[in-house]
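All remarks here apply to the structure that follows.
Chains here go by letter, A, B and C, matching the order in which they are written, and residues are numbered from 1 within each.
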Amino acid sequence: MTRAAAGNAGARAEARAMAMGLAKGLGKVTGWPWSSGSRVGSPVAVLAAATLLLAACGTDENLPAADSAMVGGCPSGKDLNGAGASSIKLAIADWTAAYQGQCPDIGINYDAQGSGNGRMQFIQKQVPFAGSDVPLPSAQRGPAQQRCAPGQAINLPMAIVPIAIVYHLQGVAKLTLTPSLVAKIFNGKIKQWNDPALVAANPGVSLPNKTITPVHRSADSGTSENLTRFLAGQAKSDWPYPPSQAWPNNVGPGAAVSTNMVLLVKQTDGAIGYVDNPDATSNKLPIAAIDVGAGPVAIGSASIGKVIAASEVDQNGLDITVDVAYGLKAPGAYPALMVTYLITCSRGLPADQAGLVKSFITLTAGDQGQALIAKAGYIPLPTSLRGQVQAAVARLDGV
Amino acid sequence: MTVTQLVRRPRGSSSDGRGLLARGLGRYVPYATAAVVLALVALLFAGTDLNGMPSFVAIAGLGYVLAQTVLSVVIEGRRRAVDRLVTALVYAAFMAAALPLLLICWYTIQRGIAMVDLTFLTHSMFRVNPQEHGGGIYHAIVGTLIQVALASVLAAPLGILTAIYLVEYGMGRRFARVVNLFVDVMTGVPSIVVGLFIFTAWILVLGFNKSGLAGALALAIVMLPLVIRSAEQMLRLVPDDLREAAYALGAPKWRTITSVVLPTALGGVVTGVMLAVARIAGETAPLLLLVGINQRIEFNPFAGQEAQRPQESLPTLIFEQFGVAAGNTDAPPFQRAWSAALVLIILIGLLSLMARLVARFARTAR
Amino acid sequence: MTAAASGVVLLTMAAITVFLIYRAVPALRGNAANFFTEQRWDADGTPPRFGIAAAFYFTVLTSAIAIVLAVPVAVGVALFINYYAPRRLSSGLGYMVELLAAVPSIVYGLWGFTFLAPHLTGLVSWLDRWFGWTIVLRYRPESAPNNYSPLTAGIVLAIMILPIICSISREVFQRVPREQIEAAQALGAYRWETIRMAVLPLGRAGVISASILGLGRALGETLAVTMLLSTAFAINIHFTETGGVTFASIIALKYGEAGPTGTGALIAAGLCLFLLTLAVNFAANVIVRRNKVA
């Protein structure tokens, strides 16, 4: 019998005991004749019985437990919980599958409710690591350090998420936009697809006489924040707003989360929006190429790598942050992107959690882990940055 | 003979309800009217730029009701005409409600049915990449059942007792008035605010972890006003004659309540509780804050950070899977979410059915 | 015992109230804009600027649309199930309606988003054609590409709250004393007259109470409205045009990324909703009392 099976049997016994306890508690209430408790209690008792019944037939055994020969340093027992940015939810899913290929008894749960939510849960000691589309903001540095005392709260770049400008335009399979055109479209300055400025940027493409429906994210999001940084960096004159996670204007309809954004763009001929590249990839949405001054550039590891190479990387202890060169105008660069971080403690996590975090992050930052997520539409960290991150991970406190 | 039956057949057994009035629209007049109206509307559509099935149905229906009312006023008199008009309106209301509700059910079934099978119902998502096929929602079903049961155990007795207090003891007391006011206000606290409250009080201040229990606490608070208000309504409708009869027999107040008032109102109270259960079972927002996610089966609602395995629930699973799909309607997570929604609805249906049977059984057993 | 239970309910409520005020006040103090007239919501900016003007307007608007649509239909359905439908069907129908209260709000939201809204174009063009002169119902297709509008949100809310209003009304109607109905029939009343004379007067308080429960859900509904409103923090008097935000949807939209001030501001939004419900309840109580006197 594997350990998992034994755990399962244990869980069942526990459930039985619980259901009995529940029934006993109800018994007390039911002993009281014609009371409210007995009326409402009965269905609940039946429910408890049903749960008991159900307990006998459910299983976690979706894959045969892997051979433990593969297992190098699998921490034992507990599961790893994380929370944060939804931009890396697909990467985490792939990493988890890879991790469980080696350590089949460890569950990894990532609660993708947004970067801010993840950082808050991290600071409040609900989770040992958080995913975030921006490094810890200065206001949260202090509380995060406190949480990690005596260690240091650190940002580790873990994946590069290009931001894809997606559109839906019947008969147009190829579209090129300059940053200033993107700004003008999302600003409501350009209203028609056959606007002369758009036609000029797309020689050889016949753009229809159709209204543009620019869709923005209405929930605060890291994607909005990084896109507005890009717009402010590239086309200051056409984009007067400061970068912010809340979309700054009321032009066009808003879509709450990326699910809505994708559905809205798919449903509406003439719509244009922006999503994380993995979401555009999985939906096979057409993506506009960006022209920062030297011709159209598509998303790819070369075009993204150029931007990272031009960006400043700050290292402070184990803390690594990338100051992305959003304003980069070099030929062949695609500067609409975000660097998504895993935030954790260098030291100071409870021992079992520290081991789990270290072993998981070792996989995610490893060459294999990075190569794994390219298929989903992420860009692996370029070699030099990756080396820095791997060195930092190796120095993390843990098993 | 129940009240319902009495109203349903107000006068004799004549199907067109002609009763004592000699003059009336005969058996065939409604059909004739319908035919004429249909023909006229068809002509109207042919002659003008009106088109489309929905507007045809709407205009024809309106025309029929109008024609019927006019005919009825002329032949049968105003009272009968009003009765016929209201009958038509009531049928129309039913149709207006049934259509969207059927559409939602159909939509959910159509999208959800494909993935529901034994594996889906008995497996968790542990070691399954959510982007791919496989796995199931057993862990979420278990979580939802336990959390809803916990919430009900907390809220139902509390709510019913409060309702009894308000109806039987409270009469005009200041305390009862205050309670009443607060219950009203409670109906207006959005569930997400309840979630924030429990998060701050239970997790941040008291230092507990995210767990099934934390979710159940929030659900109980959402459920309370629903239980209180519906139970209160049902208790108020118990005729005072019954109470007086019990008092006349020398029964003390508590005895009257437990053996006369509550049994009489039982069916309604159970309906109220079940409605509240149905309402909270699909509640998503507070659970997102409080319950956390877990791919594994976890029976213990008290398990939280300590065991590293908080309980999953169906609504959070649905939300999570929609998130993973990110609008890709062909992806497995998208289908999984709809299937989970379908299972949730069926689950509540079974619970509700069970509660009704139990209530009926309890009533007849006495 | 029962008083103790009431005490617990009261304590819970008091705790929530105190908590809301305690968390909301610091954020409100730091607010650089007028909380009641500002339409935008930038609570984490420097300085924080946020206000509830838009949220108040759209919360009231969508809930009003929902109640206006749902209450007559729900009462009609309750009457239909109790008094008009074939007897064999009626308990099954009642059960079905209850079941629909269980559909999770995210499913209503997605159904509304992917199915209903795109299918409403016919309705809104028709409304525009006949009622465009009211200005509020004027419709320009380019300003609401898929009808994600307060009207659509109101319709979906109406569908969501219908089961709750209908089920409770039905239970209330069923408990009208038999003597009253017999008396009405002895007078030779038709079905509708019996209902009007015997059923509705006794059921009215119950229907109002049920509507308040429904309204409570409509006011506080989060996920479905967030999806369907396609948020804009600006008041728009056209019901059929894109945009809008409610108290609950602000919380859902901003919670994920909110900082300390932001969270306080969101709780202030919750507090407003709380006060709004209080006001509505007062109004309802006054109506009920007046009806009893009359």
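Criterion: a contact is a pair of C-beta atoms (placed from the backbone, for glycine too) under 8 Å apart; a residue touches a chain by one contact, two chains touch by 3 or more.
From a predicted model like this one, the values you see are computed outputs, not experimental measurements.
Look at the CA centroids: the one farthest from the centroid of chain C belongs to A. When the C-beta contacts at A-C and at A-B are tallied, the pair with the greater total is A-B. A separation of 15 Å divides the Cα centre of chain B from that of chain C.
We define each chain's centre as the mean of its Cα atoms; on that basis chain A and chain C are separated by 33 Å. One inter-chain figure worth recording: chain A and chain B are separated by 35 Å, centre to centre, where each centre is the mean of the chain's CA atoms.
The set of chain C residues that touch two or more partner chains comprises 114, 252, 255.
Counting only residues that touch two or more partner chains, chain B has 157, 161, 164, 274, 322, 329.
The set of chain A residues that touch two or more partner chains comprises 113, 260, 263. Across the interface of their complex, chain C is touched by residues 113-117, 137, 139-140, 211, 213, 218-222, 244-246, 250, 252-256, 260, 263-264, 267-268, 270-271 of chain A. Residue ranges on chain B touching chain A, taken from their complex, read 122-131, 134-135, 138-139, 141-142, 145-146, 148-149, 152-153, 156-157, 160-161, 164, 203-204, 209-210, 258-259, 262-263, 266, 269-270, 273-274, 288, 292-300, 305, 307-310, 320, 322-329, 331, 351, 354-355, 358-359, 362.
The part of chain C that touches chain A in the complex is made up of residues 41-42, 44-45, 113-114, 118, 142, 144-146, 148, 226-227, 230-234, 242-243, 252-260. Within the complex, the chain C residues that touch chain B are 1-6, 8-10, 12-17, 19-20, 23, 72-77, 79-85, 87, 90, 95-108, 110-111, 114-116, 122-123, 126, 159, 162-164, 166-168, 171-172, 174-178, 181-182, 185, 188-195, 199, 202, 205-206, 209-210, 212-213, 216-217, 219-223, 247-248, 251-252, 255, 263, 266-267, 270, 273-274, 276-278, 280-281, 285. Looking at the complex, you find that chain A touches chain B at residues 8, 11-12, 14-15, 18, 22, 25-26, 29, 33-44, 46-48, 50-51, 54-55, 57-63, 78-81, 86, 89-90, 93-94, 96-97, 100, 104, 107, 109-113, 124-126, 257-263, 266, 275, 278-279, 282-283, 353.
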